[in-house]
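The same subunit A turns up in both complexes below, where it pairs with subunit B and then with subunit C.
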Partner chain A sequence: MRDRAIFAGQLIFTLLVAAFLIVPALLSMLAGVTANYFRGIRSGLTLQWVLQVWELYSDTIFRSFLIAFAALAVTLVVGVPAAYALHIRNDRLSRAVEEIITLPLAIPGLAIALALILTYGGFAGFRGSWLFILAGHAVFTLPFMVRAVLAVFATIDIKTLDEGAASLGAAPWRRFRDVIVPNARPGILAGSLMVVTLSLGEFNLTWMLSTPLTKTLPVGLADSYASMRLEVASAYTLVFFVMIIPLLIAMQIFAGTRGSAVGAAR
Partner chain B sequence: MRAHGVALRLESCGKTFADGTRALEPVTLDVARGETLVLLGPSGCGKTTLLRLIAGLETPDTCGRILFNNADVTAVPIERRNVGMVFQSYALFPNMNVAENIGYGLKIRGTPESERKARIAELLALTGIEGLEHRRVDQLSGGQRQRVALARAVAAQPSVLLLDEPLTALDAALRERLRGELNRLLRTLGITAIYVTHDQSEAMALGDRIAVMRNGAIAQIGTPRDIYFAPASRFVAEFVGAANIVEAQCKAGALTLPGGTLRVVNGAESGIVLAMIRPESINVVAADGAAFAGLVDSVSFVGDRQRALVSGAAKNPITVDVPHSIPLKAGDRIGLAIDPAAIRLLPREGA
Partner chain C sequence: MIVFRRSRRSTRAAIVMTKRAFAGLCLIPLAILVAAFFVLPLARLVATGASGELGIKAYAAILLNERYRTTLTNTVLLAAATTIATLAIATVTGLFLQRHKFPGRALVVAMLTFPLAFPGVVVGFMIILLAGRQGLIGEATLRLFGDKEVFAYSMGGLFLGYLYFSIPRVILTIMAAVEKLDPSLEEAARALGAGPWAVYRDVVLPGLNPAFIASGAIAFATAMGAFGTAFTLATDVAVLPMLIYTEFTLSANFAVAAALSVGLGLVTWAILALARTYGGATVAAAG
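Our next item is the complex of A and B:
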């Protein structure tokens, strides 16, 4: 009886916390389909704001996905081999490199953006293209990929697996392809999920690095909050949710099935 | 027996790590084609470092050279040395099944698939794991993993087979059985093999020769019989099997001890000597009239024999292996007869 009371209490508390976090998101999305927010839901529901967002900002949505997947590609190509090298060497130098890679997490995004602008701002073609934002996102998301892969390497004896493959005649690149990457898959998938979500939602850096012609989704959102009706900005939030939630669920399912298959093999 | 593999030669191969630790003093060593050399020693003695030098996982200090059939391979990386290696943890690839693990080295070498399949089947039969080829690595028992690791290491006919404590991860009964299988396999393959272990019974059973190592240097190298019956130092005597070490005054070919005198074969020298006597080379005789005698301190049952601790014979109690046919109990006074040839005089330094 007492256990049930405690359980009920915990359940109510959990639900309240969840509601505290979820209700604002729901209200915001609801505002996006309300004809007049100040008159409330009685003013009727409409898709006009959503359509307006689509007309004004659809390019930012596509650009955000482009940058997110490009950042994923960069962190995969750079981060996974980097993690392999750092783990195999494991000396003072590699630990220093690992710290340096992690540094962008501790530095405010604005500072990173400022440094990039100071250094590369003079290259107008680069400064004005989405690649400039990609550079910032790659710097910012790389530690998440490297850390996730290193975490997996720490749980399997990757160094001995590497030596085993080497003893059988496999050159470094072949070992990386045949043994390291397949066994690092759970970490690579976890890192990929982090990179894509962080890149899609990144505002700090992006706000500084973007130009009026290279706005991403979060920057566009800030823009609409600042200059449009509240309903438009809310509709933007709705669009954001509609785009990103299916993507995240798909990636989670993918990571779950593949990750557990590799986990079972261990 | 189709002997394959190479004759191996190491010339003054030492290893100092980047932090200045001297893991291995310069070693010069020859291993004949088809021979099994066991590197035996306590942990930290440099045996694994020596194995890794031969494998190509470490490079020797300058002026060290490693030769396979007289060809210098010192600068050749492991992947081009054509070695087979069995790791203590086996290092089987979790992302491949048993057959893929065994066939990996052949796949790297571009062996055609049909030939690869035949070779995998041959090795599965040789190591007694037929029927497991499609199993995942995590579905195997420890003994099965060990066999897969061995099959994988020899699949591509390596120049030399390197085994790093391959049986250590197994429980005692399985270890004993696999030791026998491994011995048979090494003889069948006739391959040059280097086997690292800290277990002296494994070393005795498997080695054509044993190199006993200590503090980064080879203390003694020889056949298992040499090492056991004629140890060159107190360390080797005590590391390989049970040994009584007695300090005694030597005069005119006999040792003078508290319990009497013992004749020795090569006791020309006079003065204080160190002698080694194996517990099983001591015979129990009647105390009356015995030249050498002592008092039984304790008797323990060790299965195939009883082991008695005899005090009063030498400065320290002497361990004696006694067959069950001789009734013994604590407090008995017994005579000890020892064949002079079974008493080995050791150099006194380097205890």
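Our next item is the complex of A and C:
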């Protein structure tokens, strides 16, 4: 009897916490397709707000995808070889390098953005282009890629595989391409999902790095929260959810099949 | 035979040599990226902090100037309150969800982890929908008590926003830690006559300590640096990231903004480094 009461109490508490998190998200999804949020659902369902968001902000959506995939390309080209090198060398230098590249996780995005602006703000062409935002995103997401790949290297005997291929006469570049990368694939995939998700939602850095001509989706969201009617802001948020949910589901499936590696990378 | 051995050893040495050289090559793109867009800018930030009228004393002003000190205190208190509340909530729900199987459990877990990918700005909007001028809580209190309760734009709203942001992350860490607890320890305690509360107090909670330290440090550091939520709520509460932002963009006070950013970065970095020393496994902060 007492156990049942404790169980019920915990269940109610857990459901309340879940409601706190999910109710506002559902409200915003609903508000985005409601004709008049103030009058409620009776006013009817409509797609006019979503269409208005598309007219006003579609450029931010495309730019966010452009930056996310560019950040993915950079972190793949830079991060995967680096993870291999850090794993192989495993000396004091590589630990110091690992420490430095994970620093962007410990330092607030606002500080990194200020640092970038103070350094490159004078280069107007660079400052005003989407590449400036990419620079920030690449530095911020890189540790997630490196860590995800390192996590996989820690579970397989990469040194033996590498030496085996070497003793068969494969050149370093070929070994990297044909042996290391295929074996690191789960980590690369987990890291890629992380990088794209984080880049799409990044605001702390991006707000400062963007210009009125290089707004990304989260920057546009902040803009709409401040200046648009609630229905438009909600419809815009709905668009963001639609973009981000498949990535979240992919991460969940992936985490399910591979233990908690994705969670660990986070 | 000897000749063969020697040649094998030398090819092995050659392999190791080229391998180290290749590993070095692999680090070059990383070195360029990180030097150009992280190390150099950070050095510039630290230098700018000392370049104003106050010179190097700008860093001392963070603590000596009353306005900055009040903001810093506010931010630390808010971050600490967020951390404690998040840990308490996440421990109760995490333990419950990991220990009980019931219909709909997967759905509840999905609901609790869904906001993981929400940036701070979106979290701010969620709080506006809950406690803002057209919010749910306002509507409910208006109908029940005839008085519209709106607190999204105050300290309470900010606190709620930070809770919203950190609960999913901390719950995941705690659930993973609960899963790794050794159930035989609890059975032993029970067999020795410990009641359910004693088992929790003396066995379960100490076992979760590393997870508390790791996830608590992240919640604290994230709350210290959170900008998006405070920005969306356009809050009148002075928190450090908002102060840095206004100093930089509105007052064009670059030196003070840089000094405050360096101070903030040092605090969050130190918290995470301490947690890593005392808490074992770390999880990275995001957002």
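Here is the rule we use: the second predicted complex is superposed on the first by the 225 of 266 C-alpha atoms of A that agree within 3 Å, B and C clash if a C-alpha of one lies under 4 Å from a C-alpha of the other, contacts with A are read in each partner's own complex, and residues count from 1 in each chain.
Heads up, the rule we're going with is that a contact is a pair of C-beta atoms (placed from the backbone, for glycine too) under 8 Å apart; a residue touches a chain by one contact, two chains touch by 3 or more.
This is a predicted model, so every value here is computed, not measured.
Q: With the two structures laid over each other on chain A, which partner does A:60 touch: subunit B (first), subunit C (second), both, or neither?
A: In the superposed model, A:60 contacts neither subunit B nor subunit C.
Q: Kindly classify A:168 by the partners it touches after superposition: subunit B alone (first), subunit C alone (second), both, or neither?
A: Only subunit B is touched by A:168; subunit C is not.
Q: Please work out whether A:139 is in contact with subunit B alone, subunit C alone, both, or neither, and reply first, second, both or neither.
A: The second partner, subunit C, only.
Q: Which partner chains sit in contact with A:88 here, subunit B, subunit C, both or neither? Use first/second/both/neither.
A: After superposition on chain A, A:88 lies in contact with subunit C alone.
Q: Check whether A:210 is in contact with subunit B, with subunit C, with both or with neither, and answer first, second, both or neither.
A: The answer is neither, since A:210 touches no partner chain.
Q: Counting residues of subunit A touched by each partner, does subunit B or subunit C come out ahead?
A: With both complexes superposed on chain A, more residues of subunit A are touched by C.
Q: After the superposition on A, what does A:156 contact: first (subunit B), second (subunit C), both or neither?
A: It touches subunit B, and subunit C stays clear.
Q: Is A:199 contacted by the first partner subunit B, the second partner subunit C, both or neither?
A: In the superposition, A:199 contacts neither subunit B nor subunit C.
Q: So subunit A touches subunit B in one structure and subunit C in the other; where do those two contact lists coincide?
A: 163, 166-167, 264-266
Q: What part of subunit A is in contact with subunit B in the complex they form?
A: Those in contact with subunit B are residues 91, 156-157, 160-161, 163-171, 174, 178-179, 182-183, 262, 264-266.
Q: Taking the complex as given, what residues does subunit B use to touch subunit A?
A: 18, 55, 57, 77-80, 82-85, 87, 89, 91-95, 104-105, 108-109, 136-138, 152-153, 156, 162
Q: Using the touch rule from the top, collect the residues of subunit C that touch subunit A in their complex.
A: 15, 18-27, 29-30, 33-34, 36-42, 44-45, 48, 89, 92-93, 95-97, 100, 102, 108, 110-122, 124-130, 134, 136, 164, 167-169, 172-173, 176, 221, 224-228, 231-232, 234, 241, 244-245, 248, 254, 257-258, 261-262, 264-265, 268-269, 272-273, 283-287
Q: With touch defined as at the start, can you tell me which subunit A residues reach subunit C in the complex?
A: 7, 10-11, 13-15, 17-18, 20-25, 27-28, 31, 37-38, 74, 77-79, 81-82, 84-86, 88-89, 97, 100-112, 114-116, 118-120, 135-136, 138-139, 142-144, 147, 162-163, 166-167, 172-173, 176, 197-198, 201-204, 207-208, 218, 221-222, 225-226, 230, 233-234, 237, 240, 244, 247-248, 252, 260, 263-266
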